[in-house]
Amino acid sequence: MQIHEDKYKDLNLKIGLEIHVQLKTNQKIFCECSSDYINSPPNNNICPICTSQPGSKPMGINETALENLLKIGLFLGCKAYEKPFYVQRKHYFYPDLPSNYQRTSQPILGNGVFMGVGIWEIHIEEDPGRYELREGKVDFNRSGVPLAEIVTAPDIKSPEYAREFLRDLLLSLEYLGVIRGESGSIRADVNISIMGGNRIEIKNVNSVKGIYKALKYEIVRQKAVLQRGGTITMETRHFDEASMITKTLRKKETVADYRYIPDPDLVPVYISPEMLNEIESVLPESPHAKKKRFMEEYSLGEEIVDSLISDLYLSDLFEESAKNSNPLEAGKWCATELKRRLNEKNLSVSTSKINPKHISDMVGFIERGELSVKNAKWIIEDAVDSGEEIPVLMDKKNFYQISSEDTLVEIIEKVIADNPKAVLDFKSGNQNALHFLFGKVVNETEGRAEPSKTIKLLKDKLCAVA
Amino acid sequence: MFTRDLIEDLLSKSVEEHLHKKIEEIEKRNKEINAFITLGTEEAEKSSKEIQKKINNGTQGKLSGLVVSIKDNIAVYNTRMTCGSKVLENYIAPYDATVTNLIKKEDGIIIGKCNMDEFACGSDGTSSYFGPTKNPRNIDYVPGGSSSGSAASVAADFSDLSIGSDTGGSIRCPASFCGVYGFKPSYGLVSRYGLSDMAMSLEGPGPFAKDTYGIALLLDVISGKDPRDTVTVQSNNSYLKTVENFKDGDIKNMKIAYAKEFFEGVDENIKNMILDKIGMLESQGARIEEVSLPNIKYSIPIYYLVVFSEFSSAMSKFDGFKYGHYAGGQDIVEAVSNTRETSMGTEVKRRVLLGTFITMEEFKGRWYTKALKARSAIKEDFKRIFNSYDLLIGPTMPTLPWKIGERISDPLAMYSSDILTVSANLAGICASSQPVGEVKGLPVGLQLHADSLSESKLLKGMRAVEIACGGM
Amino acid sequence: MVETIINDSVIERVSEIARLKLSDKEKEKFREEFERILEEFSIIDEIKVGEKELYYVVENVNVLRKDSEPKPFNNINRIRSNFNKIEDDFIVVPRNL
């Protein structure tokens, strides 16, 4: 069950994504220009090949780009196809496309799954340059940077899950070292249908937040159309970042004809089983294997495990912390509270200040009754923000709970001695007196008395009083 | 003068003097012949001085100051590259093609960029935006195309050698019509990096010269694997040696086929001349047999369908934004349409439109895909022949050169003149044309084919014919 | 036999996709020529074809490139000097509002 799926249950949401990520390389995909174009002044990171000068030809596909793409595919549980793949020319006229065709390959791997969402296929392509529509300006610095396109099945059932899916996917790809850009650096075409109706495509959304917002908006919009008695026709829309709404882009009866042909300048590529084995051998544990192991080794429940394994940084943190604390508790806290906090602050394990010792320390304090569950939630947030050690934070916030029997008994006896009237009231059957006395103990301890133990000891002591 | 003698001459006399002789010829006759779009005499002068220094201390490259002209669809750094079109009238190439680089490295002197049919779309040299090239042998007649200026420059002695490109006969046809040697290398032997694309799976640069020696010399320089073109293959770069080591007796070991289909519909005079040469070779001991290439009649449709598709893709890049003619417009669609419409010639437009049409999803299977399936048949035909034979011999062109202006409007008529040359490109094999005589003062070319990457066999065959015709 | 009649709407669509604006006279001329050319070329229906399309005549496969240190192109100015219109290093093109 995906998160928030129940909220949209009657809508039968089908969401699929075509995700573009930039592969981490030194050079561009078909030429020797740098793929690190961000800091270059416009049209300064270019050559005859990535500006499509007459007579220029693509060089052989960047080996590292292909390897990184294969790593992504294997990590997502995909299989490579048996036959060689071609790079194709996808023809359309647009100022950011120097050849007015984009080189994009046939599917290279497919049939995988991640977080319960099917991965249909993955292929490699070249990034176009940048065309600023409103200003009429073109910059080819980005033209030719290698991209992986990951196409999912329409298995995503809520905008919230789409957000979580993308977040964890990007974190894991970053962990693998195969993509460039801050995680969040992503472009996607988003497909959504509601109640078995036609599919709407929203093209080129530039951020995880944008994807989430676009989906939320589309659901509202489509519901309104249906409520008015209208129907949803298949169309392509554009997401406007400024106003956070989607707008019609293309309402033609005909679908765009890209006139795909295999690019005669690029000979076919065959991914051999040997190549794949070699790559697989340097990959970290696959999500599938990790899930099995976590459930067996740590006896964690499936939902907790699912939440941990999709973010490789988080699962590493959990395992480290589990070396020094109860795995069940550590797992629960990592999978729920910690993850939630990081999402809220738009941080990841690697960009926040959290470390494994925070979790193992915290779990220890909770188990010893020195930290209440309620306060632990605050502690986690502080640890994420400041990175300070748990004992220090507990001191600062005065969170140390007193649960040592000796200490509590001493205070209880004092309170009983100081409040004879309340004791008498309790003895006559007044339950409120118990709460009153409990409140006194809490005051004496500045709120640090461990509640359940205190109540029990208080009751015992009161009963023992004549 | 024969190329080998030329080199000896260059080494003992003056590179500059040799260059000046060429410049003199150009000044005398280029206005009439129109072989060049851009001349680079200043650059050439500079190079000649540098090369002379190298000769003086014995460090000169293989070309030793020979004068080379280059077809204007091949990039020479900082030099105008027009492809014979208004589209690129003022385009200055920002890089050297691989072949250009190799020629410069081996001390060839680049004299200028040669006129050509617009974007290589033509077979007679009359469709250039910069006016037609005339046949140096008779200026009322076409020089052939699309490497018209390249062939003419060698024929008129404006250069010793030239580099053209051959997509469906664009080297061999003008070589035949102008009476010079032209060679289409096997696909992948010579890098296409820097050759403005016309039909990517069919074309490649190739040499023009006055004799087999010159062809082999230039081929050694320009062939070989290039990381800038993924289809390229290794070359043994020892073609000159092959030609130099050829002895008269080598003819006896040759198994030469001729296809009857290659003589159908060919001008009687041409037919007789070729058969005569075949007879000579036979009398010198070569084994000659008739064979059949049954699918030749489909080669024109298959060829042109492939050309249209690839050409329309190749021409997409011309939108006027990054380079070339720009007409402007209200929005990005209008600007691009206006630009393309006002700068491309008729044949170019025709091919772009047809190519777009046959690659559209609803028509693709009927034309594009079918043509590519049929292409295998042509390749298989040749494979079969070369299993049993070293060479295939025949005429290069079905007719003699025609008068300028005689054949203008009908595209089908133009296409059909390529009937004897397109198959080599469809199969990716190597082929050559060499002059073997003339009829009514107009040159006749003999064509040889050999299997892919069998350049040595082809060069030996060329040498054999050259000797049989009394050459050297 | 050409199954496809090349009518005006097809020429219109082709000219749009190819970004080649054509006058009415040109449209008619090309339409007529295309019908003739393709009629002639439909002779390829006679040839016995195999199953596979021949896309590449060379046998090269897997020509990949090692991802070494970037090699910046050394004549970027020459590329830029061919741009139709340049402003603040950007290529200027029509806007798309």
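Residue numbering begins at 1 within each chain, and the chains themselves are lettered A, B and C in the order written.
Basically, a contact is a pair of C-beta atoms (placed from the backbone, for glycine too) under 8 Å apart; a residue touches a chain by one contact, two chains touch by 3 or more.
Being a predicted model, the structure only gives us computed values, none of them experimental.
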| item | value |
| --- | --- |
| Chain ID, smallest distance between chain and overall C-alpha centroids | C |
| Top chain pair, ranked by number of contacting C-beta pairs | B-C |
| Intercentroid distance (Cα basis), subunit B paired with subunit A, Å | 58 |
| Distance between chain centroids, defined by C-alpha means - subunit A, subunit C (Å) | 41 |
| Rounded Å distance, subunit B centre to subunit C centre (Cα mean) | 23 |
| Shared interface positions of subunit A, touching two or more other chains | 48, 51, 53, 59-60, 93, 95, 138, 257, 259, 264, 266-267 |
| Per-residue overlap in subunit B, given as positions that touch at least 2 other chains | 91, 93-95, 201, 227, 230-231, 319, 321-323, 332-333, 336, 356, 360 |
| Subunit C residues counted as touching two or more neighbouring chains | 17, 19, 55-56, 58, 60, 63, 65, 73, 79, 83, 91, 93-96 |
| Touch list for subunit C against partner subunit A, complex | 17, 19, 55-56, 58, 60-73, 76, 79-80, 83, 86-97 |
| Complex interface listing, subunit A residues touching subunit C | 25-27, 32-36, 41-48, 51, 53, 59-66, 84, 86, 93, 95, 131-140, 257, 259, 262, 264, 266-270 |
| Contacting residues of subunit B [partner subunit A, same complex] | 73-75, 81, 83, 88, 91, 93-95, 97, 192-197, 200-201, 227-231, 309-310, 313, 316-317, 319, 321-323, 332-333, 336, 356, 359-361, 364, 368 |
| Subunit B contact footprint on subunit A (complex, rising order) | 48, 51-60, 89, 91, 93-95, 98-101, 138, 257, 259, 261, 264-267 |
| Residues of subunit C touching subunit B in the complex | 3-4, 6, 10-11, 13-15, 17-22, 26, 30, 33-34, 36-38, 40-58, 60, 63, 65, 73, 75, 78-79, 81-85, 91, 93-96 |
